[in-house]
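After the structure tokens below, expect a handful of questions from me.
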């Protein structure tokens, strides 16, 4: 298992007229969490694209338990529960507020694809190596 | 069953550097589809809020089959498969491009809640009446 | 002078917790107005990019007179007051609500640039021809 | 004069198919800069709203010199050049990348308004006090 945490401050643009964060913005919070999870491996998603591999999202599921509000400092906990198999990687996300109340939980499935030709491919070797120690015995 | 269709033109702000529509924006397409589905009943979501009822999203699931691209004129097909029960309503969405290729499919669950006090409530009578003919015999 | 009008329905994602449209979204309304202005010439901005020319925004000025609100059907009036000179084009935008109250006025300057090499270039010949009749005598 | 700096990491949602940050998102960067400028005074914009005062944007001007790109860590430098007069406050923003290249410069004018009744009002006493030391002799 590999887990990291990232903090995000809610700015005005993310709120809606219900006085809460618009539900559609949580996909961005998950994205920021994933990106920082990869960065903390000593790698970046930008590096992955520079290698000619892109990671489009193919599935997203999100449950909204409590609303995030303006100026909240939320924590996005991002977890890889399993080592990526074949061309697929699944990130689980949990979002809490400063009182450690769970606001939202979800998961996102992405594919590894070659940007040229748009063929599915497997996890880049460099990323695989960085991740292995979190999943071995 | 109650089904409506809405068209949306993809503008530049919705694209990302993969050259496709950013996955996080599909929640907005679903929202636009739901809103127009309610409007075509001779009612608006704005009316519902004016009655003191809000409809927060509590669950969203989305599958991405093919990318939408800049300037695409997509069709959002919004369907209520079942008459809303208790405080819950589920909208199914299918998004196609101009070649009638299915790009995305998903569903969104919302609650009916009283804005004052944030208690769950049942579907407003007016909306219920408008919908009934689509689900009876 | 060349003027066109486009309608946009305000959806929930565009509102903020002041109960109005977030100011940062007006740049998108201007963009949609410009795009439709070009389309009504029998041309698309997508065509321009397909010719290897991109049009980055280099300057934007926006004045907010009255707020747009949820479910408003706004009209974006887009005007080219002068024929584009050199590598520069300026679009003026006025946004009104259904009561024809002016909500917002602004203008956006864009450059014509060759995508390959990122050099400034002049207006594409095809676009120039389509526009000329609106500015001659 | 009162100046603060804030850092923002560019995530994927902010890019467009030109491979750069969509111009419409800079208004959010300015907003984040303003908010942090107020927070560093030992105060928050949230506090201001809790006092019944809102600060709608009435004018924004933005010049785009160089593009921000995916994963850039930009710095937003936010400056109050003058002490707010009457009901008006003007924030100047400069955005640089990690190589200290200026990407964007702009300024935003906001009004102080009473949320109840939407009348213009003057700067809240608490904010005025915190700011005074930066503008006195």
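Each chain carries a letter (A, B, C and D) given by its place in the written order, and its residues are counted from 1.
Here is the rule we use: contacts are C-beta pairs under 8 Å (C-beta built on N, C-alpha and C of every residue); 3 or more make two chains touch, one makes a residue touch a chain.
All figures in this text were calculated on a predicted structure; none of them were measured in a lab.
A.B. asks: More C-beta contacts across B-C or across A-B?
C.D. replies: Between A-B and B-C, contacts are more numerous in A-B.
A.B. asks: Taking CA centroids for every chain, report which one is farthest away from chain C.
C.D. replies: In terms of C-alpha centroids, the chain at the greatest distance from chain C is A.
A.B. asks: At what distance in angstrom does the C-alpha mean of chain C lie from that of chain A?
C.D. replies: Inter-chain centre distance comes to 34 Å.
A.B. asks: Just give me the whole-number Å value for how far the CA centre of chain B lies from that of chain C.
C.D. replies: Going by mean C-alpha positions, chain B sits 28 Å from chain C.
A.B. asks: Roughly how many whole angstrom separate the Cα centroids of chain A and chain B?
C.D. replies: The computed centroid separation for chain A versus chain B comes out at 25 Å.
A.B. asks: Using the touch rule from the top of the page, what residues of chain B touch 2 or more other chains?
C.D. replies: Each of 12-13, 18, 20, 24, 27-28, 31, 70 in chain B touches at least two other chains.
A.B. asks: Using the touch rule from the top, collect the residues of chain B that touch chain A in their complex.
C.D. replies: Of all residues in chain B, those touching chain A are 18, 20, 23-25, 27-28, 31, 54, 56-64, 67.
A.B. asks: Which residues, counting only chain D, touch chain B once they are in their complex?
C.D. replies: 12-13, 15-20, 22, 24, 70
A.B. asks: For the complex, give me every residue of chain C touching chain B.
C.D. replies: Per the stated touch rule, the residues are 9, 11-13, 27-28, 31-32, 35, 44-46, 49, 70-71.
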